[in-house]
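By written order: A, B, C, D and E. Residues from 1 in each chain.
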Amino acid sequence: MTILILEQALNGLQFGLMLFLLAAGLTLVFGIMDMINLAHGSLYMVGAYLVASATAASGSFALGLLAGVVGAAAFGLLLEVVVLRRLYQRDHLSQVLGTFAILLMCNEAVRFVWGSQPIGASAPAALSGPVELLPGFFYPAYRLLIIGAGLAVAVLLWLLVTRTRLGMQVRAGASNREMAQAMGVNVQRLFSAVFGLGAALCAVAGGLMGPLLAVQVGMGESILILAFVVIVIGGIGSIRGALVGALLVGVVDTAGRTLIPLLFEQLMPLDLAASAGPAVASILIYVLMAAVLFWKPQGLFPAHG
Amino acid sequence: MSTPHLQTQHQDGPSPLDHRLQGARAVALLLALVALPPLANWLGADFYIGLASRILIFALAATSLNLILGFGGMVSFGHAAFVGLGAYTVGVLMTHGVMSAWVAWPAAFGVAALAAWLVGAVSLRTRGVYFIMITLAFAQMLYYLAVSLKTWGGDDGLSLPGRSSLAPLPGLDLANDTTFYYVVLAVCAGAMVLLWRLLNARFGHTLQAIRDNDTRMAAVGFHTRRYQHIAFTLAGGVAGLAGALLANQSGFVSPALMQWQQSGMLMIMVILGGVGHLWGGVIGAVVFLLLEEVLGHYTMHWPFFLGAALLAVVLVASNGLMSLMKRPTWLKASGRTKEAP
Amino acid sequence: ADNVKIGLLSTLSGPGAGLGVDIRDGFQLAVKLNGGKLGGLPAEVVVADDQASPDVGRQTADRLVKRDKVDFMTGVVFSNVMLAVGAPTFAAKTFYVSANAGPSQYAGEQCNPYFFNVAWQNDNLHEAVGKTVTEKGFKKVALIAPNYPAGKDALAGFKRFYKGEVASETYTQLNQLDYGAEISKLRAAKPDAVYIFLPGGLGINFIKQFVGAGLSKDMTLFGPGFSADEDVIKAVGDPMLGMFNSSQWAHDMDNAANKVFVAEFEKAYGRLPSLYASQGYDAARMIDAAVRDVKGKLDDKAAVRKALAAAKFDSVRGAFKFNTNQYPIQDYYLRVITRDSKGRVTNRTLGKVFSNHTDAYAASCKMPAL
Amino acid sequence: MSTALLEVSDLQTAYGSSQVLFGMQLHMRSGDVATLLGRNGMGKTTTVRSILGLTRPQGGSVRFLGERVDGLAPDRIARMGLAVVPEGRQIFPNLSVEDNLKAFAARRNGLSEPWTLDRVWAMFPRLLERRRNMGNQLSGGEQQMLAIGRALMTNPHLLILDEATEGLAPLIREDIWQCLDTLRAAGQSILVIDKYVQRLVKLANQHTVIERGRVVWQGDSPSLAAQPELWHRYIGV
Amino acid sequence: MSTTSSTSTPLLQVKALVKRFGGLTATDHATLDVMPGEIHALIGPNGAGKTTLIHQLSGTLAPDTGDIVFDGQSLIALPMHARVHRGLVRSYQITSIFKRLSVLDNLALAVQARSGSSLRFWARARAEAQRYAEAAEVAQRVGLGPLLGRTAGGLSHGEQRQLEVGLALATQPRLLLLDEPMAGMGPDESERMVNLLLGLRGDMTLLLVEHDMDAVFRLADTISALVFGRVVASGTPAQIRQNADVRRAYLGDDMEHAA
């Protein structure tokens, strides 16, 4: 039982950190630049495809990841320069429509290039097995890599946003673009850079998740919703909030899927438990979000007053 | 030569609080819609009568969303849940042998409105994106509830034994696609008139002003949450009614109706048509579904072209298709600043 | 009629797309080999995507039968979509020849003269594995399936023929891709075998993660044919070696029809055909036989039905006939994943599990008149 | 020290279809302290916005440090050494007090004694107490102080104050005047808009009175002080 | 219009109000009486807690402890709109108006808030001539008479401030809380505002926060000084002018004048 809990905790951590990579980009673009970007999930998808293809082509996962991340960042920048920057000044709803359109187009474009069927991506051979963390406790090596990478990115990002002048200027530009310009900040270039960074983070997440999940069209949407849940729980615009929210969602979701059915089997007849258990487990994170917002309507770490 | 307008008194255009039904165009549209079934029959394309019913039903649902999203500034990302509830109400009543539309449709309205009232009571504590997400959360809960209720089909959904009956009324057999279409058309037209009156009445003015500046509305003495709550409940009820019609149209009810993608689609329709335009929901639904239908006819990759069309609309029109119809907005290169949500 | 129109409504996008694509390819291959005709009439196949959604399926089916006025429908992969597609199709008096979905409803109480299933009843492959697992002497088996009706039917089917202890019964979300939590539970429960019913991409992920967690050394993995077919093997590769699964068909089956099919499929698409492809292929050939039988008089519904029920075609799986509920009576085989002579990882047939097997629901079918 | 700093000539600016500025003129030399006077709604803020590039003028020209800047992006102009304390403060609500000051710190003029965080703290001790507060958790006056500090931190060639004493307590307001006196003594060029004309007469050496987007009077402090009827007519009271 | 019967009991009693933001005590046992009909000015250094106090009176912020009694009844439990209906109305320090609407619509909404139910779903709101006439009257009163049709967002800063006050006036308050109504106004407009407020004397009671001392000394019957969240002095203008504490903390020694 302790092993089960330990393993679940690591799974939750791993899932949470991946969500964080996505949520961080989203919080940067949305919380800080005040832009609702539904195409964020598409960047995740494109990143995953690029990493998978580059890995297959180069034969090296590290090289593939690097190439894919650079490629996705470039794609993100292109998107920003060509379309999205026209939407910053628009109201949120126009942004929803515009980025939804991009999402549709990305999905179809990817389908066109790579086909409708999921493509396989494999973890580097060296990491494809389990490692023994404690005597008798095995854990997949690849998931450990994800945990490490997620933690590293989290720390770097937090420093960048809260501790550097660049981060301050981005936040300033977001809350009052005109005033930030009047203070001498080239907001446009800054936002492009942030967007590229967000895209790169997406690609890191997509590339790392590829071998674990399937690389397929539409993979970005459901995870996008989760990323939104994360940043809303954490408080929009707060990197710290995104991290806490991501870990919370990761752990609650993972634990819920194991423990709720177990619990229900104890409490009620088996057939009822079999249908109620998974349903309750599925809504757990939404219940969590609703509860958080009920007590704290601005999320756990409100970034604006 | 223009003079500074400090002392001249001129109106800066019609008040954004008021909305015109655009009588002439509305009547023309209505006539065209009335003429559609005979035309389709004549062309041997009666499939399109069913499609038109479906589009009108979505127009109704989108319009109900526009009431809260466009005029109330409440961006609900869970509106499909109310549509679904309405549909399930009809479906469940039918499995218990209740076929009468006179019972089932008001019940659908009532159930959805009640749910909206409850969801609104909690959600309206939050603002902006938090509101978007909490409405999504409730919709997801309802969705998973529907998935797990095996008695009512669970994920498989529920096939209805037939259409509701307008029994005491003679000559109206809803099983006939054309009759059904005219009933749907009547409901939609009625809803539009009601919405128009509502917006230009005190309630509408209040709602729109709350959207613009709720702090100030509270400071002059409006119980802002109450008006928003009423609008939210009303919109939920109308969505439920649309759901009841939808269940009848397709003869099938499933949790897929409540999925977040459906809520998203309703939202896209409203934004496409024009947020806060009387006709925004209708135009959005019609254009969106027709585009889907037409593009799908030509290519497997229709979502790409649909996306391109939507993107073009966003970039060209400041606020959906309806804003293209009003001259002043697109003559002015307007730098709209942020408002809701 | 001077031509025959087929509505091929299948899942062509999303995680289940691989299945739909194979059905489509199999079906179209048969039409192509037939010179573009079915039963001697020029064939027009209208392909549509149901996006794995019952609602979309319903709308699209409506469009196919009402606007395109197709003569036959086929192609649906998932049972929940099938249940939504059925009503409008039957109401329009259009025959449905299922190339995959075989829901228990249509096999039993809701059986319908317009519905023919040329694949199997959903439970059949699971029943076959249940029997195999018992025969191989496994005593403690963990079961995993998605939380939707077909998933529940699957495990019910398995348990109908499995006699040992069920270590755990887990229902996952239908579109779940990360099985970390389920795998942890397996590790804790220590069963000696695991039975999974995870179609398409779901199975791919599960197996990869199962192997990555090091569990494949401690427990034997079983699945129905569709969790171990060529599409899955292509994506997972070596880790699948040694997995047992059940099927009514395999590409190495030794009959003339199958040899042509496998060779032509590989030639046309550059990959080994899957179970779904074989079913799509058979569906087309069955329609071909029926149309020829009625000499193109498709308006005579009773005659068409009789011709379909006769199933006068050489199925790629060998012997094939319909039960009273218009579901198959056929044999089921055990397969194992190995390397073939060319070094490819693929299925090899081991032997028969059931002969002339029917389904558990036929008895409750009171087939209505046309 | 008397090189041309800012030359605004024949400026025409409109919001949409309504024109606000009709040929504004303004000339400042390095070291000048100039004012813009006029009633509400006469176009003072609009003039400032046009200089800063925030509202694009339709005609006329703006030269700053000899270079033509109308049509340039606002951030380019700002980086040339122009800083503003805007009307309505425009504090960044999501930055702490300290970050509001630090984010834009620069040394754009070559003056020997640059403004630093410590100097701003010394001038507004109240801000030091509130340094960790977010911008929107400040009182109105505190925000005003922050806006002034924020502009000073860029060490601009020209400092523009648009109603910088709005909402400040008399004592603080007096501090600001004294600070501006000090700045002037140190050679800082300043353009001020404020309603305390009497105080401005003491502070500035050059005044421009505008009415409906046009210059109606221009001159130095003694002549402004000598013409009370000007005040009545164009400024009020 | 004054409805309070006795002039000896205060219309508003603020009793030992406390409000903390984290470690900062923004309102520190503030105690204050506002008599009916008077113009009561509240002065104090920046950050003393004046706006925070107004927020608590109007219902935007909930105090930690203490009580607010208006016309003999405690308001603590009432939300903002309910306080407005009792006659306690505020204006904002940072302008808060309906930017997209015309001046007339702005004011008409405020009139609507107090005249009849807004749960009318059918009758045309535009048909209520009486209400729009009242709104136009208020506009006249705050000097926006010629600008009725102008979109509020396009008004100059000073004009927006006038509208801000107009919105509060249109609700016909018994006690009007004004947070720096003169901020951003030129001397001329300030003068007009002072006259406007003088004209309200007798119609309603005013609690005024203002840093423009000329205005304060011309208007106020009573002045209270708030320092670090505490009321340190309360009295007639003459008393306050002489108060050493107030001079040290707030007024300074030699005061300049607006033009």
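Some observations on this one:
Throughout what follows, contacts are C-beta pairs under 8 Å (C-beta built on N, C-alpha and C of every residue); 3 or more make two chains touch, one makes a residue touch a chain.
Model, not experiment: these values are computed from the prediction.
Shared contact partners of chain A and chain E, listed by label: B, D. When the C-beta contacts at A-D and at A-C are tallied, the pair with the greater total is A-C.
Chain centre most remote from that of chain E: C (centre = mean of CA atoms). Comparing the CA-atom centres of all chains against that of chain D, the greatest distance is found for C. Rounded to whole angstrom, the centroid-to-centroid distance between chain B and chain E, based on C-alpha atoms, equals 42 Å. If each chain is reduced to the centroid of its CA atoms, chain B and chain D end up 50 Å from each other.
With centres set at the average Cα position, the gap from chain C to chain E is 75 Å. Shown for chain C are the residues that touch two or more other chains, namely 12, 147.
Residue positions 18, 41, 137 of chain D each touch two or more of the other chains.
Counting only residues that touch two or more partner chains, chain A has 111, 275, 278-279, 282.
Against chain B, the residues of chain E that register as touching in their complex are 58, 79-82, 84-85, 89-90, 92, 96-102, 105, 109-110, 112-114, 117-126, 146-151, 154, 167-168, 170-171.
Interface residues of chain C facing chain B in the complex, by the touch rule stated above, are 12, 49, 53-56, 58-59, 62-63, 66-67, 79-80, 83-84, 86-88, 147-149, 174.
Per the touch definition, chain B reaches chain E in the complex via residues 5-12, 15-18, 194, 197-198, 200-206, 209, 212-213, 215-224, 227, 230.
Residue ranges of chain B in contact with chain C, taken from their complex: 45-48, 50-51, 54, 147-148, 150, 154-157, 159, 250-252, 254, 256-257, 300.
Contact residues of chain A toward chain B in the complex are 30, 34, 36, 83, 86-87, 89-94, 96-98, 100-105, 107-109, 111-112, 221, 225, 228-229, 232, 236, 275-276, 278-280, 282-283, 286-287, 289-290, 293-294, 297-299.
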